[in-house]
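Same chain, two partners: subunit A is paired with subunit B first, then with subunit C.
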Partner chain A sequence: MKKPRVTGSYILGVPIFIWLLALVITPVILMFIMSFKLKEGYEVTKTFTLANYLLFAKNPIYWKVLLKTFRMSLTVSCCAILLSYPLAYFVSRKLKRFKELLFMLIIIPLWVSYLVRMIAWRTILGNRGLINSLLMAVGLINEPLKFFLYNQIAVIITLTYIAVPFVFIPLYTVLEKIPKNLIDAANDLGANEFRTFLHVILPISSPGLLTGFMLSFLIALGDYIIPQQLGGSRGMMFGNIIWSQFGFASNWPLGSVMGFALFFIASIILTLSQKFGYRQGTIE
Partner chain B sequence: MEKELEIELRDITKVFGSVIAVNNANIKIKFGEFFSLLGPSGCGKTTTLRMIAGLEKPSKGRIFLFGKDVTDTPAFLREVNTVFQDYAIFPHMNVYENIYFPLKMRKIPKELAHPRIMNILNLVNMERFEERYSNQLSGGQRQRIALARALVNEPRALLLDEPLGALDFKLRIAMQNVLKDIQRRLSIAFVYVTHDQTEAITMSDRIAVMKDGIIHQIGTPEDIYNNPKTAFVASFIGEMNFLQGKVGNISSNNVEVSVSNHKILCKKIDSKIDRSEDVLVCVRPEKIHINPSNKMPNLIKSKINRVVFRGDDYEITTSFNDSSIRLVVGYTSWDKANKVGTEITIGWEDHDSIIYPLHMKDDIIKYA
Partner chain C sequence: MYTILIYIFLYLPLFVVIIFSFSPSKTIYGMSGFTLNWYSKLFSDRGLLLSLLHSLEVSIISVCVAIIFGTFGAFFLVRVKFPGKGLFSTVCRLPLVLPGIIIGLALLILFINLNVRLSMLTILVGHVAFTTPVIMFQVASRLQRMGRSYEYAALDLGANIVKTFWYVILPMIKTAIIGGALLAFTISFDEIIITYFLTGTWTTLPVFIYGMLRFGLSPQVYAISSVVLMFSIFIIFFMARFTGTRGEEMGR
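On to the complex of A and B.
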C-alpha cells in the first residue's frame, strides 16, 4: 500500500483543522444530535425523535422572537455601518497626521471588557445617566425619560456600539488600500467628489462593507446578555430563549433545536450575501 | 498667435512644505503640438503636468486652457484628460465600463456612447477586449485602455505621465509610434512627461528640459541637442564630453580655451565671458573624428585608454595630459590596429565646442 506523501504546506493546515474540528464542527454535531433527544425530568433520554422540532415549529412566540431578532440584528448592522463608514472614510483618506491615533482610539474599546462596556451603557441610558442628567440640567425635561432603557432601543444602541469597531476595521483596511491614482483618474475624467465616491470608492469598498456587515450581524444575532440586562421584557432576543432552555427551563434538546435553527438560518444568510457581495476584479 | 495657444502656464510655482517643486515655470503650448516635459526624477515635470490637469493647485501663477483661466477650476471640469503612469484602470469595472465612465460623467446616454466606445477601441486595437478586467490584461494592453479611456471624451489636449515607463524596450518603441500616429490623426496637443531623452527627442515637436523645478530650456529637439543653453541640458541630452579650462583669446569668430596645456577653439556664446575665466568646454563624442584627413581647427594627439564595442559602433576613451575624451567611431571606419595605448590624433570643428561658466559643473548629470 502506497503511503500518501504529506508535503510541508499541508502540515501547516493541520493545527487550524484540529481547532475547527474540536471547537466548531464537533460541538455543532453534538448539538445537532442533542436536538433529536427528549427531556425527562432532569435527564435526557437516548431516544431519537422529532418532537422538539415540532414543538419549536408550532409555537408562534418562538418565530416571533426569531424574526424580531433578525430585524434587530439588521438594524444594528445598518446603524453600525452608517456610523463606521464615514468614520473609516475620514480617518483613512482625509487625515494625515493623526491617522494612527484616531485608529487606536476607535479600536481601544475592544480592549475593555464587554461586560464593563455594557454596564456603562446601562448607566448612561438610565434615570440618573448621562443623557437624562444632561437633558434635565439644560432644562428640557423635569423628570427622567424612561424610554432610553429596558427596551429594544437600548439593546440596539448598545449592540451598535459593540459592533462599530468590528465594522470599522475591515472598512478602514479596504478604504486605505484604494490607490490615490484611481481617485485622480475619476476626477480627471469628470467625476466630482460625490460621484467619485458613488462610482469608484463605494463599489471597491464593498468587500470590506460585506465583512463588516457579516461580523456585526453575527454579533447581534446570538447575543443574549445585552437583551437580558438592558432589554427588559420588550427587548428580548432569540438568544435569551435559547439561554433559558439551557438554564431555568432545563430542556437541552429543545435548546439545541433552537440553537441549530439559528445556526442554519444565519449560515444561509451569510452564504447568500457572500455570493452577491463579491464582484469580479475588486482589490483584495 | 494668441489664438493658437492651447495651454499656457504663467509664472507657475508649486511649493510642498519647504520644497520648491516647480519654480516659476512659463510654458506656451500650441495647437496640435507634441510637447514634452523632460528631466530626471524629482525635477518637477509630473507636478507641472498635474497642475495642468487640475489635480494639484499652483502656489503661484495662472494656468490657461484654450484661452480660459482655469487656475481655480477643479479637475473634473477641465477639458483635458490624463493617461497616468500606472494606468489607473478601475479594477471593479471591465474594459467597456472603464471607457464608458467619462461618457457617463458627461451624462451621455448608452445608445450614443456605444459607437464612440467601439470606435476608440478600434483606434487602439483593443476590440474584443470589452469584457475583460484589469487583472486579465497585460501591461501594454492596460496602457492602451488607459489611452482609450482618456481619449473617448475627445479632450482638447491629452496629458501623459510617463505612460511607457513600465513597458519593455521593443514594446515601448512600438507604442511610441502608436502614440505619435494617434496624435497626428487627432490633431490635439499632447503634453508628455518623460525622463527618457531619446523618447522625448524622437517624439516631440518641442521639449522643455527641467531640473530641480527649473526649466532650463524650451526648444525643438534639434535646437536642444545642438545648442544646449546650460551644462545640464548638454549633459542630459545625448552624450557629452566635459573638459575644464581657462579662457584665453577672444576673437570675433571664436573663443580660445586652454585645456590641459592644449588650446581649444570654441564657439562664441551669448553671455559675457572674460579672459582667464574658468569654464567648462563641451564637445559631443560623435563630432570628434579620429585621424582626420582634412585640417581641423582642433587637433590633439591623445592616447587610447579604452575601446568598447557597442554593436554598431565603437566607443573610444582617450586621454591627453589629465583630460579624458570619448569619441564614437563607426564599425566600418575603425582600424583594429588601434589598441589600448596607441596614440591617435583626434579632431573637431571649433563650432562643435561649447562653453559654459564653471559654476554649472554641479548641474551636470553624471552616470558612473
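On to the complex of A and C.
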C-alpha cells in the first residue's frame, strides 16, 4: 500500500503564503514603518522619527475621540447582545417549527448591502425622515425634531443594527448545542428557569457571547462611513480622524500612527477573546 | 413579543427603503402616489451603469482569484501538519475580523510605497485580501468534516493524485467552494470601507452611491438601493437553495 502523502505536502501552502505575505503581513509592516517617517511640507521623507507618535500623544482631541469611540463601540456591543441573546435563546431553544426560517430571516440583513442599511437609518432618523414625518402627520409636532440625526445615538443605533446578526450567529450556534438533558437535570434538581439560565445556560454560552462581543466591537471600532453620514460633528469617531489624514489633511505618517493604534487595540481584543473563548470551552 | 419587535427592528428599515423608491415627489415627506419613474431613470444614468459594471468585474475577478488562493489555503490548513497552525489560521482570518479601515489603510500604504496609482487593480487587490479567507474557511470546515478515508480509498484503488482530486475530492468540496464564492461575491459586491481607501477615479457601485449621498437622499438613491437589496436577497436564496450553506462559518 502506497502511503498517500500527496495532499499533505508543503507545496500546497505556497499560494496562501504569497497571499498572506503580500496582502496582509507586508502592508501592516509598511504601515508600521510609515508611522516613523518624517513629513516635511507635503513630502514624506526617508528620515525616521518619533515625532508622529509625539504629535498623536500630545493632542488631547485624538485621545478624546479615541475614548469616545471606545465607549460607543462598547455600547454598540452591549446593545447588540441585549437584542441578540433573547432572540437566539428563543429561536434555538423554544422554537420547534419555523426554526430554519426565523434563523434565515435574521441572517438575511447581514448580506444586504451595508450602504443600503445605512441609508435606511438616515431615512428613518432624518429631519424630513420617517419618525419626523409620522410625528408631524399625527400632529404631535409642527417642526421636524432635529435631535434624531447627527449625534452619537444615531450612530449607535445604526451600528447596532449592523452588528445584530454578527452577535446572533455565534450565540445561536452555542445555544443550539446545549443538550436538553442538561436543562432537565437542572430542573430535576429544583432549579427554576431563571436559575437554570444563570447557572447552566449562561456559562455554557459564554464563548459565543464573547465571540459576538468581539465581532460587534470591532465592527463599530473602525467604522468611518456611518459616523460620517449620521454622526455629524458630535458623532465623529476615530475612523473619521484616520480617514481625514489620508484625505484633506494628507498626513500619511500620522494616519499610520493612528492606524497602528487601532490595530494594536483590535489585536488585544482578538487575543483576549480567543484565550477566554477556548478556556471556558463548549460542550462537544 | 420581544422577538417580534426585534424582527420589526431588522426589517422595517429595509421596507422603508423600498417604499420610498416608489415615491413620486423628490422629498420623502408627504409621499403620495406611486411611480416607477426612478427605476427607469436608473437605466439612463451612465455613471451608475458603468460603476455597476465595474462592481461586477471586481467581484467576479476577485472571487475567481480567491477560489484558487482559498482552496489551496484550506488544504494546507487542514491536511498539512506544521507548527504554529493556530497562529497561521488567526493571521489568515485577520482581513475578515480586523476593522476594514486598517486593511484599507495598510494596503493604501503598500501602494504608496510601490508607487502604484489607484485604479481598478488596487481595488481588485483589496478585494482579494478579504474574499480569500471567506472561501478558505468555508472549504476548510468542509475538509475537516469530510475526513481523509475517501482520498485513501481512491489512492489505494490506483488513482493518481490528479484523478483523486478531480473525481473524489473536488465533487465533495464543490458545494463548499460555490457557497464560499457566493458569500464572498455578496461581500465584495457591496464592500465600501476598504474599497474607499483604494479608489481613484475608477469607482465601484457602492462608492458611486456613496458619492450620490453628498447631494442628499433622493428617490433615485432609494431605487438603486432597492435594486441592490433585491439582488442580495436573490443571491442568498440561490445560495441557501443550491448549497445548503447557512453562512454560519462566516466571520464577516
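The rule is short, and it goes like this: the second predicted complex is superposed on the first by the 245 of 284 C-alpha atoms of A that agree within 3 Å, B and C clash if a C-alpha of one lies under 4 Å from a C-alpha of the other, contacts with A are read in each partner's own complex, and residues count from 1 in each chain.
Quick note on the criterion: a contact is a pair of C-beta atoms (placed from the backbone, for glycine too) under 8 Å apart; a residue touches a chain by one contact, two chains touch by 3 or more.
Quick caveat, the model's predicted, so the values are computed rather than measured.
Student: So in the superposed three-chain picture, is A:Asn187 touching just subunit B, just subunit C, both, or none of them (first/second/both/neither)?
Tutor: After superposing on A, A:Asn187 lies in contact with subunit B but is clear of subunit C.
Student: Name the chain, either subunit B or subunit C, that contacts more residues of subunit A.
Tutor: Answer, by number of touched residues of subunit A: C.
Student: Determine, under the contact definition given at the top, whether A:Gly239 touches first (subunit B), second (subunit C), both, or neither.
Tutor: Second partner only, subunit C.
Student: After lining up the shared chain so the two structures overlap, which partner does A:Pro179 touch, if you call subunit B first and subunit C second: first, second, both or neither?
Tutor: first
Student: With both complexes superposed on chain A, which partner does A:Arg195 reach: first (subunit B), second (subunit C), both or neither?
Tutor: The first partner, subunit B, only.
Student: Taking the two structures together, which residues of subunit A meet both subunit B and subunit C?
Tutor: Correct list for subunit A: none, the interfaces share no residue.
Student: Of all residues in subunit C, which touch subunit A in the complex?
Tutor: 2-3, 6-7, 9-14, 16-17, 20, 27-30, 68-70, 72-73, 75-77, 79-82, 90-92, 94-95, 97-103, 105-110, 112-113, 125, 128-129, 132, 136, 148, 151-152, 155-156, 161, 164-165, 169, 183, 186, 189-193, 196-197, 206, 209-210, 213, 217, 221-222, 225, 228-229, 232-233, 235-236, 240, 246-248, 250-252
Student: Quick one: which bits of subunit B touch subunit A in the complex? Just the residue numbers, please.
Tutor: On the subunit B side, the touching residues are 53-55, 74-76, 81-82, 84-86, 88, 90-94, 101-102, 104-106, 133-135, 149-150, 153.
Student: Using the touch definition up top, name the residues of subunit A that touch subunit B in the complex.
Tutor: 179, 181-182, 184-192, 195, 199-200, 203-204, 279-283
Student: Show me the residue ranges of subunit A that touch subunit C in the complex, using the header's touch definition.
Tutor: So the residues of subunit A touching subunit C come out as 1-2, 4, 6-10, 12-16, 18-20, 23-28, 30-31, 34, 83, 86-87, 90-91, 103-117, 119-124, 126, 128-130, 132-133, 136, 161, 164, 166, 169, 173, 214-215, 218-219, 221-225, 229, 239, 242-243, 246, 252, 255-256, 259, 262-263, 266, 270, 274.
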